[in-house]
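What follows is one structure encoded as structure tokens, with my remarks underneath.
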Amino acid sequence: MTAPIQIKSGETFTLNVGPQHPATHGVLRVKMDMDGEYIVNAETVIGYIHRMHEKMGELKTYPQFLMNLSRMDYLGALGYSHGHVLLVEKAAGIEVPERAEYIRAITVELNRIASHLFWFGAFVMDLGGFSPLMYALQDREYILDMLEGITGSRLTYCYYRFGGLYNDVDDTFLAAARRFIPRMRKSLKKYHKLVTGNIIFRKRLEGIAPLTQEICRKYGATSAVARGSGINFDVRKNEPYSVYPEFDFDIPVYHECDSLARYNVRMEEMEQSLRIIEQGLDKLPDGPVMPEKKPRIKIPPGDYYQAVETARGSFGIRLVSDGGKNPYRLKLRSPTYSNMHLFDESCRGMLIMDALAFMGSLDLVIPEIDR
Amino acid sequence: MSLTLLNVIVAVVIAIAFAALNAAYLVWAERRGAARIQRRPGPNINGPFGLFQPPLDGVKLMAKQLMIPGDVDKALFMVAPVLAMAPAILSFVTIPFSEIIVAHNFNIGVLMIFAFASMGGMSLLFAGWSSRNKYAVMSSVRAVSQAIAYEIPMLITAITVVMIAGTTDLMGIVHNQMGGIWHWNIFPFKNGLFNPLMLMSFLIFFTCSLAETNRAPFDLGEAESELVAGFHTEYGSMGFGLFFMGEYANIVIGASLTTILFLGGWDSPFALFPGVWWFLLKVYLLIATFIWIRWTFPRTTIYGLLNLSWKILIPLSLFNLLLTAGLLKVF
Amino acid sequence: MIREKILQELQGLFPQAAEPAKTPPPSDVASEAETEKKKPKKEEPRANGVIERDYKVHGYHIDAQVSVDQLLGAVNILDKLEFFIESITGVDWIKEDQLEVIYDFSRYDFDLCRVVIRTRVPRKDPSVPTITEIYAGANWHERETHDFFGIKFEGHPHLIPLLLPEDADFHPLLKDYKA
Amino acid sequence: MGAYFSEIFSGLWSLLIGMGITFREFFSPTVTVQYPYQKLTMTARYRGHIELIEGEDGTPNCVVCGMCEKACPSNCISLAGEKPEGAKKKELTKYLLDFTKCSLCGSCVESCNFNAIEFSKEYNLASTRKEDFHFDLLQRLKDRNQ
């Protein structure tokens, strides 16, 4: 519920939400000027876990930087690694075996579902419902087990290599992935019954925090934030990369612009990811997952850009090369950085509980904002 | 005279013991129940089924240092937790567990319980205000508006029942419902009086007792994802422990009152065991529903909660009051 | 095609380039192969102008280097054509004693076109006008660039450290920064 | 007026459906693992910290080429070796792993051409002291053989 800002008492007080606050999912701080429960003004303060990945990128060689990408966003790590390897492969002209690209797409989509599941749970927990989180984590656990079986890690994967993959997938993974798809579809039905249909839940989100397309454009919002506002934008479709053109999937777009629309977009995205995984498993070609000769990474001077659709939106990575062993400059454009930025402007006049629900609907991962 | 006094003192001691025991083991039940809903075992290390967990938690709470932040209003800060616990215990005095197990039966029992219940809202206001914490103040303001919004429909539904029974005496209300399950107030046929809306009244009363005890989905006072811990943010040790116990004691009171007003008190549908067990069974079933609801739903918003009260519960309960009054006149 | 339109509009910023007879490349729209061949040989800074890049290699379509004065005009053109802002960043060209500010823009619709606007400022006194008036979302990006490179964005409403500590007086992405 | 009541009823119905779901979950079996009492075996590709592989004669396969040291992004490996008189290959004298910095990327194992290092399956590592994670892998190899 938003009200026009009118301070009747002429008195406001400042409320520090964070850096340690249950709703901020990490170390994020929002300085809010409040009039009672209404927010008059908000200023987001970030940078509490800034690690300067970009400088690390300049100091390390190309392969050494591989593992940093997964530390950016610990929930959807593979999407970020995917962007990095695609960029370097494009710039250095490395051919990637088809099987490797398919496995990348499958694992990225699995990771996207895992990330969305965690967001789903955490979002409902922001609204005060605790059990859905446990159900979501239970489903996510299947994905983590599968990915652990092939990558060796559960969260911060370092699986992709320039030219291919660290190792091939095994039959256990393929069988588990096939089993996972129907189970996940059943779970999604359960979530829709338990949460989406719930009257309390709907009342809390319907019409809350409307974001116009103009605001999305001025702030560069992507992912479900843009798609919930009726913008049909998904890098996988708009700027096809990897083997995504081979798959038949839809981009969910909702025109309500409110928090519920953003929620619906993500829930439907999980179903679409399942479709991609299903097709990927069917189409998975045989062959090597790395080129026979280990590729040499020699990048001609110039600058290169690659955007990928991660679980949190359009992740862009810009590489300025001077032809050396290390990147001359590596810029990581993180999607939640832009998505979070519009919070300040949009939350004015909202009640604090609506603002925090709005914040949850943005799907924040703080290390990804701070880099 | 002195015998009555002695009687009351003994009753209060028993009530405290009962409340404390209930609070401790309701926490255990809540944790186990929540865990089962979420498909995990819950506390299961200390003792069989984790049954030693509550006393150990109590010891831990009591062993902690009683921290009083420097800027607080000390008197109010200390009074608030006591004020949360005391009315709940005093309410136990008048609750009839069976024909004979009642500490002291007042002929204004319903009013007395409501009077004590509104003290609970005051304790939250005191706690939040004296803490000098912005979150706590916001929480206490919410708690007060919530308490006001929900006491009205709750009282109106209670008055409906009082009108049917013709007495404010809790014993009398139960007596009025004796004689088989169809005589309970929850069902529409009652002593020749046909009122189709009594089930709705029951639901209204149940919802209000959820809100009145600050239980999810109406736990706006301590909405942990917004207000950190709400009114008890600054409390630690037994201060927090008292709030906690008070909350659970209030739940027991709320469930008992619902049982007495709508579910026929100790009246047994079929006489398998004595009435007091039937009473406790009904109360604990209601409490189980409280727990079940808490772990299923997300929290409402403050305006959603007020809308629910002023736009739905109050009109409907008023309508039922009028209807009942009319029916009483007719039959 | 939005690509041709934006190319035309951006070239409009360079009046001398509009008459190709007078000034030959590199300020003209040079073909990709030509510039690529030239680049490695001599490391002289590129003159201002608009270049169409090979998307398959570089990942963006239009690369416009403008002077500091032309920046707002260029960004205004993009805003008018409904581009959204991706990011703002800097590069430290220490050999040429210059700092480069790079603005990335892209589109929401399926008419794919990524535009890069870049401008160079001297390292000594790096200052460019802010574009927060046009794109409100540039706010944090500019603050971040100020953090990392010390580039001043004239007219920025709140130019204090964002990712670095509040009292930071160092700029870690400068090439001569030693921790 | 009709919308008012239909909203109340549909709302109540949605709440009941939700409660039905949690009710069913209440009676389904638990899925968690009671960690310290119950342990899972790690998968074949699980990445613990690295461990030296020994040859048939009990000495490490390592030839002290230093590839792993070079490949490591965080400089957590330091090794030394010497060539004894008359021996064919260099012999490892020191292999230190600073596990506090390691991010388990696998670059070292990948870069090794002599099958000298592998991932261990150890995950029960916890300590309050930093020094506990400075592993002397050569010493660990000796301890393992005893």
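Each chain carries a letter (A, B, C and D) given by its place in the written order, and its residues are counted from 1.
The working rule: a contact is a pair of C-beta atoms (placed from the backbone, for glycine too) under 8 Å apart; a residue touches a chain by one contact, two chains touch by 3 or more.
Please read all numbers here as calculations on a predicted model, not as lab measurements.
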{"item": "Shortest walk length in steps over touching chains, subunit C through to subunit D", "value": "2"}
{"item": "Top-ranked pair of chains - ranking by C-beta pairs in contact", "value": "A-C"}
{"item": "Furthest chain, CA centroid comparison against subunit C", "value": "B"}
{"item": "Where subunit A and subunit D are represented by their mean Cα positions, the distance between them in whole Å", "value": "25"}
{"item": "Distance between chain centroids, defined by C-alpha means - subunit B, subunit D (Å)", "value": "50"}
{"item": "Intercentroid distance (Cα basis), subunit C paired with subunit B, Å", "value": "65"}
{"item": "Whole-Å gap separating subunit A and subunit C, where each centre is the average of the chain's CA atoms", "value": "27"}
{"item": "Multi-chain contact residues (two or more partners), subunit A", "value": "131, 135, 138, 194-195, 198, 200"}
{"item": "Residues of subunit B whose C-beta touches two or more other chains", "value": "37-40, 295-297"}
{"item": "Contacts with two or more other chains, residues of subunit D listed in rising order", "value": "15, 18, 21-22, 25, 31"}
{"item": "All touching chain pairs, where touch follows the definition stated at the start", "value": "A-B, A-C, A-D, B-D"}
{"item": "Residues of subunit C that touch subunit A when the two form their complex", "value": "36, 39-40, 56-60, 82-87, 89, 91-92, 102, 104, 106-110, 112, 114, 116, 135-137, 139-140, 148, 161-165, 172-173"}
{"item": "Subunit D contact footprint on subunit A (complex, rising order)", "value": "60, 63-68, 71, 131, 135, 138, 148-153, 156, 158, 161, 166-167, 190, 193-195, 197-200"}
{"item": "Touch list for subunit D against partner subunit A, complex", "value": "7, 10-12, 14-15, 17-18, 21-22, 25, 31, 43, 45-47, 71-73, 103-107, 110, 119"}
{"item": "Interface residues, subunit A side, partner subunit B - complex", "value": "1, 13, 15, 21-23, 34, 36-37, 124-131, 134-135, 138, 194-195, 198, 200-201, 203-204, 351-354, 356"}
{"item": "Subunit A residues touching subunit C - in the complex, by the definition given at the top", "value": "46-47, 50, 52, 54-55, 58, 87, 90-91, 216-221, 226, 231-233, 237-239, 300-307, 314, 316, 318, 320, 323, 328-329, 331, 333, 337-338, 341-342, 345, 370-371"}
